[in-house]
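Both complexes below contain chain A, partnered by chain B and then by chain C.
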Partner chain A sequence: MWTYLRKRILQSALPLVAVVLGVFVLARLTGDPSKLYLPLNATEQMRADFAERNGLDRPIWEQMGDYFLGVLRLDFGESLRTGENAASMVLRAFPATLQLAGVTMLLAIVIAVVIGSWAALKPNGIADRIVSFFSMVAAAVPDFWFAILGIWIFAITLGWLPTSGVDGGAAVWVLPIATLMLRPVGVLAQIVRGSMVTVMGQPYVKVARSRGAGELRVVTHHALRNAAAPALTVAGDLTVSMVNGAVIVETIFGWPGIGKLMIDSILQRDFAVLQAAVLITALAIFALNIIIDLGYALLDPRVRPASGSRRSSRPGAHAEAGTGAERRNENGTEKKAAAHV
Partner chain B sequence: MTISSPRRTTARIAAGVASVAALGMLASCSVANSESAGGGSSSDDTLRVVLQQEPPTLEACDANLTSTGVVDRSTITEPLIERNPTSGELEPLLSTEWEQTGDTEWTFTMREGVTFQDGTPFDAEAAAHSIDRAVNGDLGCDVEGYIFGETDLGVEAVDATTLVVTTPEPDPILPLKLSFIEIVSPETSADEMVREPIGTGPYAIDEWQAGTSITLARNDDYWGDAPAFANVEYQWRSEGSVRAAMVTSGEADIALGLSPEDGIGDLGVSYPNNETIALRFSGQTAPLDDIRVRQAINYAIDREGIVSSLYPDGDVVAAQLVPEGIVGHNPDLEPWPYEPDEATALIEEAKADGVPVDTKIIMPVRTAQFPKVSELGEVLREQLSQVGLDVELRMVDTTQHLQYQTAPFVTDEGPIAMLIQHGNQAGDAQFSVEQYMLTGAAQAEFGDPELDALIEEAAKTTGDERQAAYEEVFAFERENVVALAPIAHQTAMLGLSDRVSYEPNSSTGDELRIKEVSPAE
Partner chain C sequence: MSENVTPTVTVLTRKARQGSDRPSLFRLLLRDRVAAVAAAILCLVVLAAIFGPILLGDLAQRQDLATRNLPPLSFAHGWEYVLGSDSLGRSLFARIVAATGTTLGVAVSAVVVSALVGSIWGMWAGFHRGWRETVSMRIADVIMSFPSLLLAVVILYVFNPSAANIVLVLAITRIPIYLRTARADAAELRSRMFVDAARNFGTKQGTIVFRHIVPNVLPTLVTLATLELCYVMLAESSLSFLGIGIQPPDVSWGLMVAQGRQYLADAWWQSVLPGVAIVVTTVSANVLAAWLRLATDPGQRWRLQQKKRRRRLIATAGARG
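Let's look at the complex of A and B:
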């Protein structure tokens, strides 16, 4: 397990550095921020002062070196736009996105598993047709359209929900999550249905039935586990794209998350914030990928990492995975607690 | 394949789901928590305003930035003198009177009995500190660049109520320029920007919840009339239809920056915003270096058609860079007529003289700069190609647009006719012509020596003479230079709930004076 983790961390370090440096260079190729931050009639002198004040007058490799050393000391620089510390802006925004993504994916998975399995019970039956139709619609509906329509129906016409914002209790979560959940539910329900149909035709399911297991029991205890791997792959990808920032939902609903922050910092050529946001997102995606890998291992013994050969380490690794995004090093106790399987 | 024990499978799937959940729950620094149920936002005492974006800062010397000024100006901080956006007159605020006491010297009398929100008394010394900080310092304040440029001011507090300001050159509109400087507490650092200013205004900053809202509380020690609302809450949504929805659903009282298709309905109020849209030519690159081609473009644009089909809610066809109401606006200038035949003839004539009229002209247009901007770009491209020009519409973002807009200009992409939107919020044509028409100015790609002389003379004049001098500048430019193709003077729209009454004016988008908002009768 530890070998595996170490290997993954080393493997990810290089891409991380490449991402950080790539963003650094690419962002600077997209235009001179001094024109954005100075008044339209700024003089040559003011431009020079601005460049000097923000270190933009030095050769790019020197700026890059400084930035990189800064990152190693966890100093991400200051926002050009607000003058605030870039890291604190990013750390303030990221939890908002994680909350949104986490709750959305949790609900999406539960709903998709339930309706996908239901549809798979009788392929081409009435339930299957209903589920297939709605899941395809859900996966295909443009989210900005759905969001605006949702606001129009539920906030303006019916007045049941607030239009947007983060203040106002549980109600403010409904529309953003409903919008964000559409695609994952639609896609995952299709996948769960597909793999369940396959699995339900397998001999071991027949064996289970012949031994007198009820249909519900067959589904929940025998079929689901084997049908889960493809769904996990897709759910992982969907989660990654959400952690990357649910830009449209965050923008429409005024949700102060990382996607909105990132798009703003791109448009504003706010290099320090953009770099910090990309770095933390990359880290999160890296952590998430490890979690997904561990999830596979949990579902299917054949893909368990070779180094994690001692059985007792795996469930522990999983418990760690749950919290891995935030505290990678505190898993000792959970490991023990969960090592009973 | 082994058949796994049923109990174990369930446990594992549950654990898998739980791990995804944990990802969300771990991020528990709650951003959207259920406890903060709207604060005072439902209270009758709170005015709720929804802006297009979060102010990047509230630093008072950056109040020339629209998104900062709209919150700061005349609400949190106040200037010495305020320009009445409707009449154009200067009105006393923190300074009660002022006069020119020498060629380059002005004397201002300070209002007495005013205190800052931190309790510090306001006096000439405090005013001097604020002016010095904003104009002469190294902070890189927006007001410095926008209004004063390289010019430094001499500021001296003669006594508690007398401030003397000296300029390097005679400046007849110094009081107008000073109306852009917001006065902040003398405790404000002169060496660094301060995100939350302390001013003398009717409201003080109560809480800034980054990313979410800014709340202001009434300043009970305000020197003037107490404003109607006890609190102001600003939120921001970048989507216009959401801002409109917040007003129609009763979540907000004022929504700024709406367009007619945002669905605000009867609650929308249109008002002129002193913005003018125009094409600006790179007059040093063939074929745009030929005045006939620039004239042809002016003849080729169907301004009436554009205004009536794209902007029927109050925009008017433009003949010059500034609208009526700005000092120097020339009421005798007629908009260029739509004469495509004339345009074609001019282009043919130029072609016969060897002007490469077939060269592709780039037309940079900024995405989402104002409502229906991309449609306008398409229409312009089409109308210019109707008269035989080859135009490439290039939709760009703000930063890219600015690369074209200001010096140093883009010179390696051939001829450029860019769509600009120019707002004159100062009320005086000087701010427009010295940016767009003076040779070497930050937004003038070319100029004309005779026009330069007129512009420089005009700047020194006052009163009726000034009006006439700038009228002459606009007439001369139109006749002999044609650096621009003015298209329309715009209007803006805000949403206003039934709860409140407010009369928007041309500077509402830059300074929303909360003290002018009152509960509806």
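Let's look at the complex of A and C:
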């Protein structure tokens, strides 16, 4: 268990550091913040003072070293915009995104599992065709357009929901969640359906049926548990892309979350806040991937960490299963194959 | 594309298709109605992108305040307002056609660049294994572990959001997908019996790669690229929507959705219709990718044929009875 966790953490530490380094350098390439924060007629002296005060006049590796030392002491620097502690700004925005993403992912998984299994009960049946079609469309619809469509229909034309904002009870949650949920539901439903079709044809399902288990019990106790693993892998990938969605959704609906904070700080050259936001997001994704890995092991005894180190040394095995790409491909083939039997 | 794929498929499925009329990929496509429609729509979009600007001239830029905010299907001012007009009186139809070129151009270039780089890199890594593989996979991990949209936003903010830079950014963020798939396939094929046999016969390494590895990995990669077209188009639209993608006066579908957003209450068509164009194209690409996955996989292709043949048999049997 601990060997496995240590291995996983070491493996993910490199991407984490690389991402923060990359953002650090890129952010400084976006231009001189003094042009944005000082008046147009500021003298050279004022600009130099500004740079010195914020440590922007020193070579970039010195800035970087300072920054990493600061991060180790949990000092993430201060916002250029407000002078506030960058970490506290990020931590204030974080719960809003976390709530949104958490509720969305939970709903998405429940809906995807229900409609995916429903479709898989009768491959190529009418339910299957409807679900397959809609899950494909859902994965192919641009989220920002879907949000605008929602605003036009439900906020402007019908007046049922607010156009944006966070005050106003449950109604404000509907459109952001629906928008953010679109892609995960579409992708997950396809995956669940694909693996359920495969699993339902397995001998152990027949055995369960022959022993008199009801259809519901077969699905929930025998099939779903075995079909869940690929879906879980893809769910990990989806959380990363969830941040993409959050940027769009938060910008459109004025949601005070981390996506909006990042876009704002990029546009305003607020380096410290951007770096802190990126670092904390990367950490959250990293933690979530480990949780998903552990959940994977919980579901499938064959991937329990005891054998984890052996498996991960094999190409395309568990450690790289987080990639999802190859796995998804297999499932897609499986899915279409079954659809045409 | 199909000329490249067909021979491989023929070789691999000769046994599976013994005695059949051995239809080409194109005839197979015609048999599947849904996939054929999707392919036709994509062809139409490509044609619109190529010939649209020639046929429509400067219609997309012509402003006329007398015809502003016309709703769709208003023919009083001429056929060009079939999809309505925007707040400056420009024909929405002409603008959507003009945007097709930009959107498709960016998406296709990004897909081609990332597919080429990713596939070659991935095959190289998978064929050689060892440290080359490890380093490549770690690089892919780094790129994939970060939300691509944010990466694109940062990079595009540093370097100006020109079409070339958008292509570059989208390509970089999508390379790992091909890299991983190509690596996995190449690594698996490398240890297959027929590659061993070729090596024992003294085949040169280059020949092994091009005769035995590439043709077997290619169908997967082509399918993946079709699917990626959809993703890249959505990504470009999102970037344009956020204001760091295609810049006015150029038009792209995502940008049109963004521009029409402020007129949503009075003129919904300005942002809804360009979105419909995106959806129709991406769904078609998805359908075609699903079909391609089946048609280019030697182990699955018979399903496409068998199903139809059986249906025809039933139909003829019914007619006789």
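Structural remarks
Basically, the second predicted complex is superposed on the first by the 291 of 341 C-alpha atoms of A that agree within 3 Å, B and C clash if a C-alpha of one lies under 4 Å from a C-alpha of the other, contacts with A are read in each partner's own complex, and residues count from 1 in each chain.
In this section, a residue touches a chain if its C-beta (ideal position, glycine included) is under 8 Å from a C-beta of that chain, and two chains touch if they have at least 3 such contacts.
The shown structure was predicted, so the numbers you read here are calculated from the model rather than taken from an experiment.
By the touch criterion defined above, A:Leu29 reaches chain C but does not reach chain B. Looking at the shared chain after the overlay, A:Arg225 reaches chain B, while chain C stays out of its contact range. In the superposed pair of complexes, A:Ile148 makes contact with chain B and with chain C alike. Once the two complexes are overlaid on the shared chain, A:Ser164 sits against chain B while remaining clear of chain C. Touch criterion not met for A:Glu62: it reaches neither chain B nor chain C. Once the two complexes are overlaid on the shared chain, A:Glu215 sits clear of chain B and of chain C alike. Judged by the number of chain A residues each one touches, B leads among chain B and chain C. In the superposition on chain A, A:Glu52 makes contact with neither chain B nor chain C. 30-31, 148, 151-152, 156, 251, 267, 323, 325-326, 341 are the residues of chain A that lie in the contact sets of both chain B and chain C, per the superposition on chain A.
Of all residues in chain B, only 1, 3-4, 6, 8-13, 15-32, 34, 36-39, 41, 53, 56-57, 59, 64, 138, 140, 142, 144-146, 149-150, 193, 195, 210-213, 235-239, 241-242, 245-246, 248-249, 251, 263, 397-400, 402-403, 405-406, 434-435, 441-443 touch chain A in the complex they form.
Residue ranges on chain A touching chain B, taken from their complex, read 30-33, 35-36, 38-43, 45-46, 49-50, 53, 81-84, 89, 92-106, 109-110, 148, 151-152, 155-156, 159, 162-170, 172-173, 204, 207-208, 217, 220-222, 224-225, 228, 232, 235, 239, 251-257, 264, 267-269, 288, 291, 295, 298-299, 318, 321-323, 325-326, 341.
Contact residues on chain C toward chain A in their complex (touch as defined above): 133, 137-138, 140-142, 144-150, 153-155, 157-158, 177, 180-181, 184, 187-188, 220, 224, 230, 234, 237-238, 241-242, 254, 257-258, 261, 264-265, 268, 271-272, 275, 278-279, 282-283, 285-287, 290, 293-294, 297, 300, 303-304, 307. Chain contact summary for the complex, chain A toward chain C: residues 11-12, 14-16, 18-19, 23, 26-27, 29-31, 136-137, 139-145, 148-149, 151-152, 156, 240-241, 243-244, 247-248, 251, 262-263, 266-267, 274, 278, 281-282, 285-286, 315-316, 320, 323, 325-326, 329, 332-333, 336-337, 340-341.
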